[in-house]
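Order as written gives the chain letters A, B, C and D; numbering starts at 1 within each chain.
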Amino acid sequence: MNPVVYQQAPSWSVSQWMNTRDEHISLEALRGLVVVLHAFQMLCPACVSHGIPQAKSIHMAFPLDKVRVIGLHTVFEHHDAMGPVALAAFMHEYRLGFPVAIDQADEHSPIPKTMQAYGMQGTPTLVLIDKAGHIRLHHFGSLDDLHVGAAIGQLLTEEV
Amino acid sequence: MNPVVYQQAPSWSVSQWMNTRDEHISLEALRGLVVVLHAFQMLCPACVSHGIPQAKSIHMAFPLDKVRVIGLHTVFEHHDAMGPVALAAFMHEYRLGFPVAIDQADEHSPIPKTMQAYGMQGTPTLVLIDKAGHIRLHHFGSLDDLHVGAAIGQLLTEEV
Amino acid sequence: MNPVVYQQAPSWSVSQWMNTRDEHISLEALRGLVVVLHAFQMLCPACVSHGIPQAKSIHMAFPLDKVRVIGLHTVFEHHDAMGPVALAAFMHEYRLGFPVAIDQADEHSPIPKTMQAYGMQGTPTLVLIDKAGHIRLHHFGSLDDLHVGAAIGQLLTEEV
Amino acid sequence: MNPVVYQQAPSWSVSQWMNTRDEHISLEALRGLVVVLHAFQMLCPACVSHGIPQAKSIHMAFPLDKVRVIGLHTVFEHHDAMGPVALAAFMHEYRLGFPVAIDQADEHSPIPKTMQAYGMQGTPTLVLIDKAGHIRLHHFGSLDDLHVGAAIGQLLTEEV
């Protein structure tokens, strides 16, 4: 019997980082940490009412040397309304404290590149990446805190 | 003893109407109706979580020939992020069904003109205007549905 | 054309009053006030999550010389679990500040007498009685604060 | 350096089991499972609004061969109002599906015996017991789902 093989999480294509003092964060540099990738759009109602508050809660609940929350702004509609200036205002008003990556636009598609690479269906999408860089949970829509907490708790106990 | 004298609600200075098929709505044309003026900014968290859902509830709870809800987009900060294109995307995503007026910018102030005329302190602000055009309630911040409902209920019974 | 004729609210059959220093309150003595009759059972989940918090909000939102909230404990099931001692504990824990009448049991029916007289279908039930003692709203289940507030607001403006 | 030593969870003193077809459940018999002990009183408002819904969510979120939720009715006040008949009515109305133990009364104290043995300060109290029978979390008051989920998730990965 073969063991379960998890998919390696694709690298991120990022046109701009926010809340990082302009540093670029690579997924590879986060090996050894549980990574919570929260894909959102600033004008997506379910992101604002559910996904972003959940990402903020996760960011505050776990120590930074164990769990890292990364926002991914995956604009696939209303591109004119959700550029970097608008996102900066949004992040200021909603007090986002974790790093946010702007997913790189694709000139051939309305879907940005990281969103394509992960096969995301929309926003909000939550992706949990384990310490070794594998995708362990990929959920489009709302997932309750109890399930998300349990999944993070299990990943935390794994050896790299 | 003199009767209470209520302030006449100032006219609205509007650069653009939305959800009205481009028609201009004047406060004067709404004489005989109770008018609920809901001032908001699309990137104001308390507007999104409280004020706008309340305005939508009022819009659905009362018949249009009795109560008219008017949104007023009073942009006084992050002007670059909250222009008409962004507002249209926001209104689409949040399913706003009532008319929205974009408050006219003032070249000498970040505060737009109607916001100035009403002396609004910020967003969300709720203004109730009676059938004769007087301001009867002016509230900055969140006001619970029970109080708002009671105020509207009282204004509804008044003769013009 | 005949005017609308509203039903006169039946008198209350009460075995015991609570939160009244043992005084008996009659509906007749409340003429001139808007009366909010909130029928509940202490072990009814929708009463605990919706009806009772709403009754408490109404009790706090309006002056006592205008609006009077009266709780009516209409036990029609689990009679052994919801006697006066249990109700007193419940009222203490849930901080009910308004008068509560225990609806008088009927030896021939599980439905207590006031509940029968009003034709209530279950709990929670909200009954609004105008200043002249007429039933103006009778709602079984949950009714949102905006509608309840508007109804109270309209009744408040009426002359006796 | 010595390893952390966790306290062994005391046995339960139970006068009556509910939702178990009269079978007695011992903590010892649950070795190998993560046990979520939820101590509550049926007339405790924070239990009804927070603790019990959380216990129900945990009961539904995890398989029975991994996590077992046990309610513990620790009556330490209003004893006359919260006897077994009242509790049965409460459990029926609130649709509690997990086993509930009635904590055994102590003739010398208002605090029942299991509550004493665990040193609980009030209700709601949440106790997480690992597969080997150790207390791993003991919380009086409300604890959010994210933290509870993470704690359960970590315990699930442990070997017995």
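Before moving on, here are some points about what is shown:
We take it that a contact is a pair of C-beta atoms (placed from the backbone, for glycine too) under 8 Å apart; a residue touches a chain by one contact, two chains touch by 3 or more.
For clarity, every value in this text was computed on a predicted model and none was experimentally measured.
When every chain is reduced to the mean of its CA atoms, the largest separation from chain A belongs to C.
Looking at which positions face the partner, chain C and chain D present mostly the same ones, since more than half of the interface numbers are shared.
Averaged C-alpha coordinates put the centre of chain C at 36 Å from the centre of chain D.
Averaged C-alpha coordinates put the centre of chain A at 50 Å from the centre of chain C. Residues of chain A found to touch two or more other chains are absent. Taken as a contact graph, the chains are arranged in a single closed ring, with each chain touching exactly two others.
Checking each pair of chains for touch leaves A-B, A-D, B-C, C-D. Chain A contributes residues 54, 57-58, 61-62, 144-158 to its touches with chain D in the complex.
Residues 43-45, 48-49, 77-78, 80-82, 85-86, 88-90, 92-94 of chain B are the ones that touch chain A when the two sit in their complex.
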